[in-house]
């Protein structure tokens, strides 16, 4: 079936974010999703390309078939027609056991290796801003087979070095000691994978397997490579750009606005 | 009915300086009636130790009840992007934060529930959570053993000798002095039933030395015992029982009522300054004598609009989004 | 219905030498239909790793399927005071035993389910269970890492550095290759519901790499999902599903049927000699082509007498005692 | 109310065992009980002197009010009107957490310090008999506040030294190393108590707080101190005998035979 793409102006940035994120899940996978865009992404994927994927919310529901979009992962709406409604011990245990394929995450800041900060701006011991903190971000990001980050594209958010590593990227602190080493070295035999994509409001980024460095993969319709470079605070590899991010189709937009979030919880 | 007490009496069981934990998840099923009363009774120097925090935790912080906040997350989900009071008080050095990850906090509570002093985990290696520079309880000389419930170390790194899988982390047990849990139903003797997601309630209740259960309704033990596999806690683990309908408002309660989003958002907006919080607390906490008066002030119409549909287990009528 | 297979196919998923575990508790809810078929297909060198064992385990031992028995208990409760086959085969040096305590075995399974290589415990200090002289897998040179699922040590002693409570034990995770669980209901896609006591089923299923669920009945997923808090396992953790009514006979099944005490007692009496067991197996296993033929041989009247009353969840008619 | 005691000949040894064991539980206590006599004891206690005690079966039921006597702890009958029906993780977790006051246990052999063997006769590595094994015996006996053992009185069962310490008494092996030390020394700060009574078909024994040695407390009606000494294979302290074990009352016997075990599962 030929795809009927929407043109810039016919969709909003958040629509493209949801659609691009949805395309990261493969059918049959077990997916951890947090509040907001991750919910839109996985629910869209379940209604299009990944109908047999399983959705876990970290508050303790597995494979729920919500009739109404939950506003958070602890929401009563998560439970409807779930396979299991339990609690954190169950779902985080499965995560640590290696049962989770993909996690959707967000962050306030990200660095060139995909380390994410959701804890503080400034020095942890005397911060300028105290954010909510890690939540399950570092747990999912250290124990799922791969993770996808959804971020706002700003220079102050795409930094060479984040103020605090809340969630581990491809070059991380190895404890005890704290030297920066590759994730593979830090995790050793229990390495399972890591951040596989960062999706911002301007572009999709991926990571070099050897160096662990972020590179530009596709640029969203309406933006240029330079737009991206102007909103990144480190030396970004743009040599591998594949072209434009695939825009949303009209069908995907219809599903998002009429089936996934008709009440406008996260969509405008 | 020897265990039935009032909200006021329940808060009387909490001591200044206690290490304390709660039921629920972010903005769901928090024991708010007790939270308000803790503030009203001006409890001091509490050490919150929580699998995750939320509206209730930030409220206690704003009211100056909290010395240490030990958890992984605080905020109000869709209704407030961070803990306004904690943000301000951390910036001002008025509250000590000790960060772990979500799974680490859960495992700490599970270890407490299991009666072991620590538990190994692979979670959140490679992060600054494990940076010894950021061990704030050490920095404040609180790991000297003077409080037996505070572990002497934040974490340890240990080699796996059994399967030779590498270096993993030992995180210490959480050992709260008291757990306050809001649930849907409790039996007259203390059997606890929770509907829907159980979050980390079972671990929090079992880890604590004292347990107060606040329930939407106290029901006959015989009724709950018809389906014992749906109950999570037996009577002898429960020290006191409080019946308080709507007791989790403004947080939500599966099968009972919705999160009161506008109420939480208003609270969050007020917390951007101490003056804002103080005025809010004056109106909603100090300005009313007790939780029933607070509910009266909210009014029938507002409460009714939050009430869950008994098939959906949530309100399918409440206006939630922009459309 | 891609996961539905036969008992014969289920046993085909088991490899000689596998480390294997089961649902149930002593003489309750054991996957007997699969046990009989394992014997019929003459599987070899199995390494049983069980929170506790019972009639099913002693049967596998008697049939020569078992190389290692790693658990804490074997017997038939009221119907046979020990595992007759294990007793004989251990005396003859034909089976290797590795003893832990009940809580230690449970924690080992829980550690396996949790994805950690070991877990600390205070259980059963001061006993010969921890005597290094009695570490039988070491004595048989099986802790050399050649089987990655066998830990390199039986246990470790470690000082608690967090609360300074003294020396505790680390027991290694149980990591079975496969778990065979008999339950009351499974959904078409694999959602598992267990009625009554859950024993250590959740831990055993989650610890194993492969999972086969045998159920009294396969039911619509939608039906089980109306009450998701009563389910314990989601579909993606289940590799195969078998529908086998009465599949736990002669062990009991909450809500379905009684333990067939006389059958178990007769089995136990026969196990006092190898010849006795062999004759028993010839009659009840090799002498019938499959489990349905076995049920036919037992006959309607016998099965009906075991059937549970749906209010009591057990048979209130079966003659049990001496009066 | 005056007690109406039964005379020897009006009751059987097993009746006395159940009654004597029932008297070890205090009202309000949380009790772990195994299959058989322990069930008779706790259920009798609940119907007489300890109506507010809580009964846990290690398979995973808490405070059940069985209509029909369970034949084992995994029995469907355990669940009826229970506060919680869960599993081993729950109840053993509570045990380790220090929530259990009393455990009722049995054994094949016991030594002068209360060490119990339920594993093998002979050398563990080449035994003469392989018994069922530990079950939860050592867990309950190392983590409950106190335990009561119910045993058969025979010379070969009351030994100076057992072939294998399955369950720890008052002088036990301290690992690593294995030297015999007092239970208090072996358990250190996590010492909670230990075996407080052994009830046999002839007598009740207790343990000296200082030495950890078993001594004779009371002798059952119809038996003499010499009968006991003839059935013990070590130097038994009989200097503290308080007299006769209190016999069953007619009321207790009635409850046992008509309310607790009317079907004759464990009683004759």
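When the chains are written out, they are named A, B, C and D in that same order, and each has its own residue count from 1.
Following the convention adopted for this analysis, contacts are C-beta pairs under 8 Å (C-beta built on N, C-alpha and C of every residue); 3 or more make two chains touch, one makes a residue touch a chain.
Note that the structure is predicted; figures quoted are calculated from it, not measured.
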Result of counting contacting C-beta pairs for A-B and B-D, higher pair: A-B
Euclidean distance of C-alpha centroids - subunit B vs subunit C, Å: 39
Inter-chain centre distance, subunit A versus subunit B - centres from mean C-alpha coordinates, in Å: 27
Whole-Å separation of chain centres (CA-atom averages), subunit A against subunit D: 57
Shared interface positions of subunit D, touching two or more other chains: 61, 79, 85-86, 95-96, 143
Shared-contact residues (touching 2 or more other chains) in subunit B: 115-116, 121-122, 164-165, 196-198, 229
Overall pattern in which the protein chains touch one another (line/ring/star/complete/other): other
Interchain pairs in contact, sorted by label: A-B, A-C, B-C, B-D, C-D
Contact footprint of subunit B on subunit C as seen in their complex: 115-122, 145, 148, 151-153, 156, 160-165, 168, 170, 172-173, 175, 195-198, 229-230
Residues of subunit B defined as touching subunit A within the complex: 24-29, 51-52, 71-75, 77-78, 81-83, 86-87, 90-91, 93, 97, 99-104, 106-107, 110, 121-134, 136, 139, 157, 164-167, 169, 196-203, 252, 254-255, 258-259, 261, 308, 312-314, 316, 320-323
For the subunit A and subunit C complex, residues of the former touching the latter: 30, 54, 61-65, 79, 81-86, 93-99, 143
Touching residues (chain side subunit D, partner subunit C) in the complex: 35-36, 58-61, 67-68, 71-80, 85-89, 92, 95-96, 119, 124-139, 142-143, 164-168, 172-176, 178, 183, 186-190, 261-268
Residues on subunit B engaged by subunit D in the complex (per definition of touch): 113-116, 187, 189, 191, 206, 221-222, 224-226, 228-229, 231-237
